[in-house]
């Protein structure tokens, strides 16, 4: 059976991740413990969720720079809401998700109606969301609620003491949901179509406006969900949290094999992109000898290495085909 | 009346593209929409199908006023369309393109197996044997064109609109398409057909409407019109077709011409098998072959777009470097590519800037072409090639398809190359401009320029070429010289394969 | 012994000095230090601590980027019986989750600075401008609070303008320039900066505006980095409150005692917030500090 | 000249309105006084403080014209500043320090350009790599501390006075004028626009797209180096951690406020530097108006958004059709014909 060339970038991503894990494992045998695997999933849960939203945005040829700020805003919003009102966290979640989804939809609307580049609209969105977080509070607000305790302590103890936490499971579910939406619905098909060429998509009958609004609303929803997960992860809301997360998410999506120009990619690839970013972090912590500045340099170099490897693999496979 | 359009108008900044146009389409007819480049055919189609917002006018479908605001609304009304430039999405699979908007679903989710089945069903009858799970972009222009037609056909409950569907198809495919169209017509569909090939119009259509400068000139039954009358409608004047006959007689036999360039064993594995080519001053070499036979790729090798992995070139002065386009240009080559949208025009730049671009690139950035010189060149070629534009500062992307093609030609003529490669130079060009371009070819060769022309129209090739090379399966299989240069000979050369080899079409 | 150290990042010279001193201390005591730079991100710190736990280190040093949100990860460390020592900033978690916290009291620092100013100006009217740290960061919030506590009840002191300079020199300079425009320089009597870097930037701005920092405008700030002593020696700055970068020394002391026989240290080991003024031989202080990696 | 003026008219108007707005909140905004051989006043501050973003915007304009983006400029400022400070600290003198910084900027640009043009990595990702790791390189040079120096010559570049005005003002204006002339008096502008709109067609027409792309990123690196020199000279120290932090976003905003399309093609350097001044006016205005600092971001975001919306070409047509559809019956919506593929 021959492999469809469409799958090459995805396979390359997964292959490189496996290879990288192997290299890490040979250096630190402990890397293969369920504990490390569980940590990898839990620690990157919020990133994975937001990256799924980002994948759809990038598939449509857009970009969403606001997500990092939206995560911070979400945490602050929930924390303040729980502190100042007697709402149940679930109600707070519902309100928050409505707010962030509407925020995303509004950005999508501006992008479409005013034909403004997504980069700029979401950049303004990034300032706005963080500014809104500041206006709610400038301090970090702890979340104390019995329900949060339950959420925090919900995990499945894997053999070997690793924990598969609730938020990790939420992340995996988000990936599955994202994959189904992107690859198995008409909405997803429209997203790919817009990424392939907006004008063409329009002529093929895509409702570009509605789809654009939907895409950014989805990203806003995912950022809100990621904010919830992050607030569970840290039991607090902090307006300065997750600065620059949008760039990490974009990098993860790109490493996951999605083209930044839009129209080609897989949500599953994004999961591996996120895990790769997490692996780089873990490796650096395990190593523990890098100074602050070398940490930055090494992260950059590893990022470049992954991208080059991926391109190399793709070139080789396209030559063979 | 199935579809009637009353007094439809549309202006763009600086142009009145449609001026109170009426148009009527009956059920069960094929109606040709004709006109010069820039006459407004594509604009009319786009206004009809909701891709453009019209300024004024009425559209009636089955007597009911309709106003499709988006193309998807038009599709829901039963109007299927193949647009001229933009067809399908190269990043989606063939199946996704074909079923787009009507994907079969199970439990709300698209079932990709059912989708592929549906796609294969839609393609049945078009003689394409391709893997519908592959990206559309991996197939040739012709295959994509057939897929676009198949999609539009299946979308057209009542009306099917085809804007130059045959521009990149070869004769066999055109025949097959026509069979399908006749069948649809007999089933009561109304079909709008745009083409610059008048033979096809007379072969297929029942009635025709001619547009000129955005105005409707005439609607007539095919039976009541003839070629000359039609051309007169389109151009507003008679066309002088005599020149073509003249030429072959006036030029010297090609052996006596001065040899200018010699390519030895140029080739690239997986692209085109190594071939030799001798180019003489003032001669026209035609490249013939079926779609996918490697004509474009041969041209790309000669111009360095794809680096040749073997072979070299010589002229009197010694070896010639053609390893990349810039080197080839320095060596005096020129290349007007096949896909003008992605490889030819710079859409947002003006006509003037597009024309001087290559010249400027060769002179280097430190030696800007003076503005007066730029204006002179632009005005000169706008006049010589009859480029229809409001002025030289209009963005090329806003010109009609045929006029964009002329701008690309003008760019290379302005370079005055010694060896110019034209890949499908007359694709999408109207009959007046077609004659104009052939005349230009003659004029250029008379001044000593050598040409390599690729065309799917054998008659056109025969008309211009001194020599024709026939390609088959990515090999230069045959050369026809002198009296052998006839359309029949080409067809025969293509059809008699070297025993073992069989023709494959479609996926390369 | 292996100790994991989760540092916030390297956003300032002070932080770099803290890192340098921690490494030095570890080396002197023969401790294997695993260092992790979190690039200002709490999530990276949490991930790092979990990695330390997974690797089974003997103790963890944590300089928390923010006060909240550490409960669950600290619980995880506790379950693995790894003692955690907090450095220089407090957290908002039950104090049985960590061994001890070494640090200064940020509010107190602000108070020391404020008290100095109150004494210095006496009964004179004094219009104060304030250069705040990064909006939302705990030093910015606490140092602002402390300073306000100290000047409360002294009606002759008034904070007339307050704006963030993001803890940076450029920020300090730019914001000070706008203060000087907005309040017409001569009417400003004192500047309170949440860190020395901003004060140093502001000093340049004051100089360039043709005024005399240290005389026309009194300058008090916090941290005691080497450069501010140089400025004091030149008479450009008036006072600074020390925040020692040597948090690791007391932390390792506590850890070693704990490893040895399980001695539980105090829950909060407070470092001193010493006030330095121009009278404290600033040049000598500068020489003493300049090689600490600030 | 006429054409440039009509091109930048929207930006000039925006700037004027904005200045009027700031004057409402801070009446002395337009006051300028002259004493001790130098002009001073909020407007002069805007001109001076806007220098780094204006310089970055000049380079960024070229990069964006080729359909790219350069996220690394803020980091390059840090690297070049660190290099200059290091050179001075090692006793090499101001001249060498400036040359070293410029060279470092060029090298950074070359690196970005090669990743984009030769390796073929998408610009956002390619420059993201330098953006994250470059600050590490800068810290490596300064070893994490603020590397201070005392060289009056070098400091003059940041805070000196020439003919009554701060030196950085001259640096950014001269750079912008030089680049604009270079682009428009030679064919560079046309070639850069061509590769930005359609790279493959330009390459087929013989434009050396690869070299041009690299050159454009190098120009951006050079501009960032100038900005880095100014920032470093201004505080007489290289702050590797904070120099130029997030300034790339301001620079991109400036280019877009200048009416340049992020999709590449037509560009105007003059409009971009006006965009930078608009942003600086907002920043300075916020500082002068004296709002609490937690409002800074919201105010800035709000103003930027309003400016962009008002400048959006679609707004006019939307208005037109909205008004028409209120009077007439509903008509199909326009296809923005601007959006080309």
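Things worth noting here:
By written order: A, B, C and D. Residues from 1 in each chain.
We adopt the following convention: contacts are C-beta pairs under 8 Å (C-beta built on N, C-alpha and C of every residue); 3 or more make two chains touch, one makes a residue touch a chain.
In this text the structure is predicted, and so the values were computed from the model without any measurement.
The set of chains in contact with subunit A as well as subunit D comprises B, C. With centres computed as the average of Cα coordinates, no chain lies farther from subunit B than C. Averaged Cα coordinates give subunit B a centre that lies 71 Å from the centre of subunit C. Computed from the mean C-alpha positions, the centre of subunit B lies at a distance of 43 Å from the centre of subunit D.
Our note on geometry: subunit C versus subunit D, Cα centroid distance of 33 Å, whole angstroms. Residue positions 139, 144, 294, 296, 335, 340-341 of subunit D each touch two or more of the other chains. Contacts with at least two other chains are made by residues 134, 138, 197, 199-200, 202, 291-293, 295-296 of subunit A. For subunit C, the set of residues that touch two or more other chains comprises 10, 16, 19, 135-136. The list of touching chain pairs reads A-B, A-C, A-D, B-D, C-D.
Residue ranges on subunit D touching subunit B, taken from their complex, read 185-188, 190-191, 193-194, 197-198, 200-208, 265-266, 331-335, 337, 340-341. Taken together, the subunit D residues at the contact with subunit A in this complex read 69, 71, 115, 119-122, 124-125, 128-140, 144, 249, 252-253, 256, 261-263, 294-302, 304-305, 308-309, 312-315, 318, 335-336, 338-341. Residues of subunit A touching subunit D in their complex: 63, 110, 113-117, 119-121, 123-128, 130-132, 134-135, 138, 197-200, 202, 247, 250-251, 254, 259-261, 291-301, 303-304, 307-308, 311. Taken in their complex, subunit D has these residues touching subunit C: 26, 28, 35-36, 40-42, 45, 49, 139, 143-146, 148, 159, 231, 234-237, 239, 241-243, 245, 284, 287-288, 290, 292-294, 296. Of all residues in subunit B, those touching subunit A in their complex are 51, 70-72, 75, 81, 83, 86-93, 96-97, 100-101, 103, 105, 108-110, 112, 133-135, 138.
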